[in-house]
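Two complexes come next, and they have one chain in common, subunit A, joined by subunit B in the first and subunit C in the second.
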Partner chain A sequence: MSRRLRWWAGILIPFGVLAVARWVLPLPFLVEVLIFSVYTMACNFLLGRVGFISFGQPAYLAAGAYGTAFYLYYFGRDPLLGILAGLASGLLFSAVVGLVFVRLRSDYFALVNLALAVIVYHLMQKVLAPITKGDNGLWFLDRMTSTPVLDLTRPDGFVWFAWLVAVAVWALYKALDDTVFGACCLATKTNEDKVKFLGYHDFKIRWTAFVLANTTAALAGSLYGVYFGFVSPEMASAARAADPVVVTILGGTGTLYGPLVGALAYVGMKDLVSGVVGNWEFFVGLLLVVIMLAGERGIWGTLEPWLRRRWAWRRPAPALQE
Partner chain B sequence: MSAEILRTVDLTKRFGSFVAVDHVNFSLREGEVAGIVGPNGAGKTTFFNLVTGYHPPDEGRVVYLGQDVTHAPPQHRVGLGLVRTFQLASTFDALSVLDNLVLARFSRLHSGANVRVLLTAPRRRYYDDPRVQEVLERFQLVSQRDRLVRHLSLGEKRRLEIAMAILSEPRVLMLDEPLAGLSEAEIHQVMDVLRSQVGQRSMVVVEHKVSHLLGFVERLVVLHEGRVIAEGRPEECLQDPEVRRSYWRVGAESA
Partner chain C sequence: MDAHLWISGVVYGLSMGSIFFLLAAGLSLCFGLMRIISLDQLLYYSLGAYVAYQVNVSTGLTWPAMLCGALAAGALSWVVERWVFDRIYAREITFTMITSFGILVAGVGAIKYVWGLVPRPMGIPVEAQVALLGVNVPVYRIIVIGIAGAVYGAIQWLLNRTIVGTAIRAAVEDVDQVEGLGVDVYRLFTGTFVGAGVLSGLAGALHGPLVMVDPQMGLEVVPFVFMVVIIGGLGSLKGTLVSAFLVGQVVSLGSLVYAPLAQMAPFAAMLLILLWKPTGLYGSALLRR
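Let's look at the complex of A and B:
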């Protein structure tokens, strides 16, 4: 197999399985897994590659969702353009915020992001209520027009669109690992000074990584917006601030498939366990404690070496690992 | 006598009321190998930090290649060929040996690489770079090339760090205690590597134990409590009464 083919196989095999699962699994479940995995991928990159732990990811999710919502509620009707508007607002938002936040490290970074999520929530709920309709949210499901080929206004069209977006996001982050930039990110994570003293502009590297990741989070927000046809301040709720971090660790921080496996496990538990007992979060917490005690490698981080031994997977070049 | 390449003028750094570096005037000629010695806390590392841009000085200037670089960011100085190593072997633990070297080589090839270049350059392209291969061999790191640096021994990390510095092709290489914590065998390896660099670039070596530098450096600068108390040929320096009083005593204890 050529290297390029093998490279793509690494993405298309797991997502192919997920595509086939479309005929087995309930549609809402699959859509949720796909969007949540994109949302988690952003967090995974920040935490596993750049060493940024953020408890404010809902802020960026909401930046994308509201970009989409404003466009579709006030201006246009095309959901594809709505998603583009969400991407643009996420890009702008994280580019500006990043100029300040990227100067902070670890615990301060985590907390200042949490504060940002609280601010965004308050803005959307109260301050900007005349245009966001406050807690009632913006409803635009009926306003969206059908799109050609894949109709985003119908769940069976949307699920394929979300699938394509997820594959594209995975390809992007996988490709990033193969670049010098990917190595630079991991280098800043462990030794920022040395990056500087090798002649690299560490601030620009961290800022770019930050903007990239949080625009990805905003993309997930846009997808949610179009899928539900509805956006409310709940999206930025600080109560859900730890979710992407939890799912990242659940899946295996810094691994390529961690976010996908984590999202499957998380959404799966939410749907399955909540059908049986009330407090599904209790079980997520329990699982998290077990994972931390078992060596912090997460579900995929534990499975991968085992699978590799089993099938003697070979990689063409040493991959970046966490 | 060759031209002057680096000069500090009244370089001073205070931390609160403590004067770590006190009006140090130091100069280095093209191709020269100088040693800076002194007891712990003499200000050796702080002096390095001021010259390379880790800290801004409170007073004085750093002149490199005729340019005043006192307030230039470290990246700018590296771009001009002023490269340092750190006291605690400073490498990228989460990357392989090869990727560490690639980062050093890449930075040299695309000085001050902008992010767009970083984003589009595949790491793999530099794996077979002749210069990278050359240092792998010269520094006896070939068998370790795919290992993560966090699994290397201290001696191997030191060699890797010096290899990275050399890939930056510096005109002035500043080494902060390159021998600290190494075994006798490792000290020999590192010294061999450093000797092979003589004549290709200027070097400044900070060292705690003076004995390692004899026969290697042409000139010695002795720091004590942030001040230069002696300077000159190593043998002469060590005969200096003030050096014997303030430094030799400490040196004898730790020897």
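Let's look at the complex of A and C:
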């Protein structure tokens, strides 16, 4: 019992702090942090556990967002079903794409994903313009019906929904670390030949991990869609392709809380810097280079050992970083 | 569809392929020799275009402006090589890719800061047109194709006929051996990196008059350049040339068939080629993971 409690405490304490912050921080900021942390969690899993680096995450984000948007604009009105539609479309999209992409070497993988993001962007902007309304995007904010218990159409209800989703995603990925599958993912990253030698199907593991992570990215996309009530091709823009990778590294690659810390720091910095100088890309790029040169441990990766020493946590830090 | 449209389409595709080749050749060489993926080449491309535009506007010169653009790009690449890449050559490929992406994003931010967000038109050096098989074709595009051909010849000559080129080719095979023979490989690395930077800057300066010079131009061309590199096979110069012209033609002729398809057709081509050959047309199997 106490073990299970400690397991959940690891997730609920940071998110509890975030929930309390609801009464301190501005609402849009908190929603942005929550959704972005889910988006980054997917990238963190790919980069830290499976060793895939992808510059094409916006493609999967857009897959989820457009799944939601199509449902809410053309078919139904229920935002919960809309999010399910987004999840389904993300699952389908990444399952098909994964069949080809997972076979590629990691450097090819990153670049092919970037190309995919551009293709999705052009697909949504021009080729499918009759359905997607091109650059104008799809507006469905007033089409959504309010849902019982948590009203997703109101920011006040939505922030709690996003919070619940984020906690669920964290629990999923934390639980995954303790399973055989999680160990296999890490093993394919470290030594692929040994995984094959041990009798595991290398391709299957990578494909499942790829689909899982990109469906999570699609979930973040559909959350964005429902929150703004608006989806445009801008979501798949290659100019935003680096964001999840940057935030993952900023927070600390492969750490559990890295994406959350990274999203908090990144969104905060975006709000602060763009308020002062207006042009924050420069600082994001600079920060990325500095973190990489300083040893790529990121904010949480630097803080964690210090915190452990400080409070002498019982379990030693898992050695995820080489 | 009439033949005139097709001929001008082919010339358009060739000139676009030439730009892609100039950009991708540097990337491909860097990968072959140093095992890095240098996304910041796209920054030197943008910088080359902007410096060429600036010199062109202030002095009215055209060809010297382009030379200035290429040299400025080379200078920046030298600084970046000294400060950043010199420390990370030994790291794995994805590491260099992320770091160089950071440099690219920061550089694009700086360009936006200096020149603003508005696209700028750039003067074209040669406005004349020449009749080719009864079709009027801009001379400038033919010159661009000629420059790319000359650059390919020059690199091949450098690699195959000079002692430095021999050292580079040997270092592609085995860096440690070459270092053991007493060659300062880091000087080779610097030279190759700056050379790649100059080529990228030249590509940007030459591309400037054909498109508008705008801050996003580096990011917009990223997918095409990497498509070229991937189709050709990382590290192969010949493959890069072939696939650059292939992608140029697919974009150009694809847009004649069905305009919205132009941006996507190369992607489909790339997928097919990768399914058939996972390391690209001329990629070496040795580099496979």
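Please note the rule applied: the second predicted complex is superposed on the first by the 314 of 322 C-alpha atoms of A that agree within 3 Å, B and C clash if a C-alpha of one lies under 4 Å from a C-alpha of the other, contacts with A are read in each partner's own complex, and residues count from 1 in each chain.
Simple rule for what comes next: a residue touches a chain if its C-beta (ideal position, glycine included) is under 8 Å from a C-beta of that chain, and two chains touch if they have at least 3 such contacts.
Everything quoted here is computed from the prediction, not taken from an experiment.
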item: Partner chain(s) touched by A:179 [first = subunit B, second = subunit C, both, neither]; value: first
item: Which superposed partner A:276 touches (first subunit B, second subunit C, both, neither); value: neither
item: Residues of subunit A touched, compared between subunit B and subunit C (which is higher); value: C
item: Which of subunit B and subunit C A:190 touches, first, second, both or neither; value: first
item: Which superposed partner A:201 touches (first subunit B, second subunit C, both, neither); value: first
item: Touched partner set for A:122, first subunit B, second subunit C, both or neither; value: second
item: Subunit B and subunit C contact sites that coincide on subunit A, given as residue numbers; value: none
item: Complex interface listing, subunit A residues touching subunit C; value: 53, 55, 100, 103-108, 110-112, 114-119, 122-123, 126-127, 192, 238-239, 242, 245-246, 249, 279-289, 292-293, 296
item: Subunit A-touching residues of subunit C, taken from the complex the two chains share; value: 37, 84, 87-88, 93-95, 97-99, 101-110, 112-113, 216, 219-220, 222-223, 226-227, 229-230, 234, 260-261, 263-264, 267, 270-271, 274-275, 278-279, 288-289
item: Subunit B-facing residues of subunit A, complex; value: 176, 178-184, 186-187, 189-191, 193-194, 196-201, 204-205, 208, 317-318, 320-322
item: List of subunit B residues in touch with subunit A within their complex; value: 52, 54, 73-75, 78-79, 83-84, 86, 90-96, 98-99, 102-104, 106-108, 111-115, 118-124, 126-127, 146, 148, 164, 168
